[in-house]
Amino acid sequence: MDWFNDTLEIPTNGKGLYPFTDSIHGLIRSWDVQEGMCYLYMPHTSASLVISESYDPTARLDLEEFLERLAPENQSWYRHTLEGADDSTSHMRAMLTDTSLTIPIDGGKLSLGTWQGVYLFEHRKRGHRRRVLVRGLQVR
Amino acid sequence: MDWFNDTLEIPTNGKGLYPFTDSIHGLIRSWDVQEGMCYLYMPHTSASLVISESYDPTARLDLEEFLERLAPENQSWYRHTLEGADDSTSHMRAMLTDTSLTIPIDGGKLSLGTWQGVYLFEHRKRGHRRRVLVRGLQVR
Amino acid sequence: MDWFNDTLEIPTNGKGLYPFTDSIHGLIRSWDVQEGMCYLYMPHTSASLVISESYDPTARLDLEEFLERLAPENQSWYRHTLEGADDSTSHMRAMLTDTSLTIPIDGGKLSLGTWQGVYLFEHRKRGHRRRVLVRGLQVR
């Protein structure tokens, strides 16, 4: 078994889902891992990870609006407001989605379903440079 | 260390939670893994994974209705409606639950809590044949 | 590669987020793992895992109240009520958060973001002694 260790930098320009499946595949190719496991970790509290449909862009818009409605800004009961109206909601939205993901690698690629893509979900209004930690376990 | 690689096929007949802990245990026995890690991955965008109570069936019914109310069908603001009224909600429900899970294996079994079971959550009305990718890491 | 296996016991005194990052770091030090992966698993159906902001305590209060409102007690449609008003909601809240987490270890520590902490989320009113299974994969 062997182990690979890299970090992706993904710029965002505010709230929304940003696909980055291709960047992960670039790492897996550079590692030359044929079979094993890919670990993704998001070291931020106001952005998160999601695997969802990558085909029809309207699916993405619905997911974005869904979280906007499920954890709306500017609720009177919010206590954590010093860092802006979008900060506490960004932690809520991160909590409902994923901080870590584990995806099998087979044949040198992520074993995603036909319609799946990997997304970074930015929950702040302002753009950020986000990092995603990517680890690869090669088993053969 | 050793590595095992299998796929479960789980038929569903529409929305709901389908227990499949026993099928995972069948694989772990066939691999003869005593200690390590079990990785589950769902390669579908309209079904997901959940670990929850397996004892009282009414607990399951409440989880099903909870998601039905949290991400209800036929909201006027949905844009992704071409594939049916249950498609965009199925992505929302998958996003709120799990696409990947990692469960320790000890003594040849998943180290689940006393009341825990592993479920496939089907989010579409129509039945499907779902696949779950199962990987085993044997550490001794 | 090497493998480490431990269990943390974390007492709670009712609903809320309980930080336990330091306890995980204690295990990693005792294992002397410098690089690899840390696996966390919650073997309970009414408590869960969350990674979120650890700096401002009001962020935590908002997350607690958010789930209290998203999955409120005493809804007329709940069927699973034999174990108390907080039991079915505790499964809902556990489903929306995490049962398993995978966090990279680098330089002998969890590769958490600057503001991240690891929390146990207790969903029952009464205190419990919760267990968290912790596994360490050392890769070098």
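Lettered A, B and C in written order, each chain numbered from 1.
Operating definition for what follows: a residue touches a chain if its C-beta (ideal position, glycine included) is under 8 Å from a C-beta of that chain, and two chains touch if they have at least 3 such contacts.
From a predicted model like this one, the values you see are computed outputs, not experimental measurements.
Novice: Line, ring, star, complete or other: which one describes how these chains touch?
Specialist: Contact map by chain: complete.
Novice: Quick one: superpose chain B on chain C by CA and send over the rotation angle as a multiple of 5°.
Specialist: With C-alpha atoms aligned, the rotation comes to 120 degrees.
Novice: Measuring from the mean C-alpha position of chain A to the mean C-alpha position of chain C, what distance in angstrom results?
Specialist: Between these chains, centre-to-centre, one finds 20 Å.
Novice: At which residue positions does chain B touch at least two other chains?
Specialist: In chain B, 1, 70, 96, 102 touch at least two other chains.
Novice: Per the contact definition, I'd like the list of chain C residues that touch chain B in the complex.
Specialist: These residues of chain C touch chain B: 1, 3, 5, 39, 41-45, 70-71, 77-80, 82-83, 87-88, 91-92, 94-96, 99-100, 102, 133, 135, 137.
Novice: For the complex, give me every residue of chain B touching chain C.
Specialist: That would be residues 1, 35-37, 50-53, 56, 58-59, 61-63, 65-66, 70, 96-98, 101-104, 106, 111-116, 139-140 of chain B.
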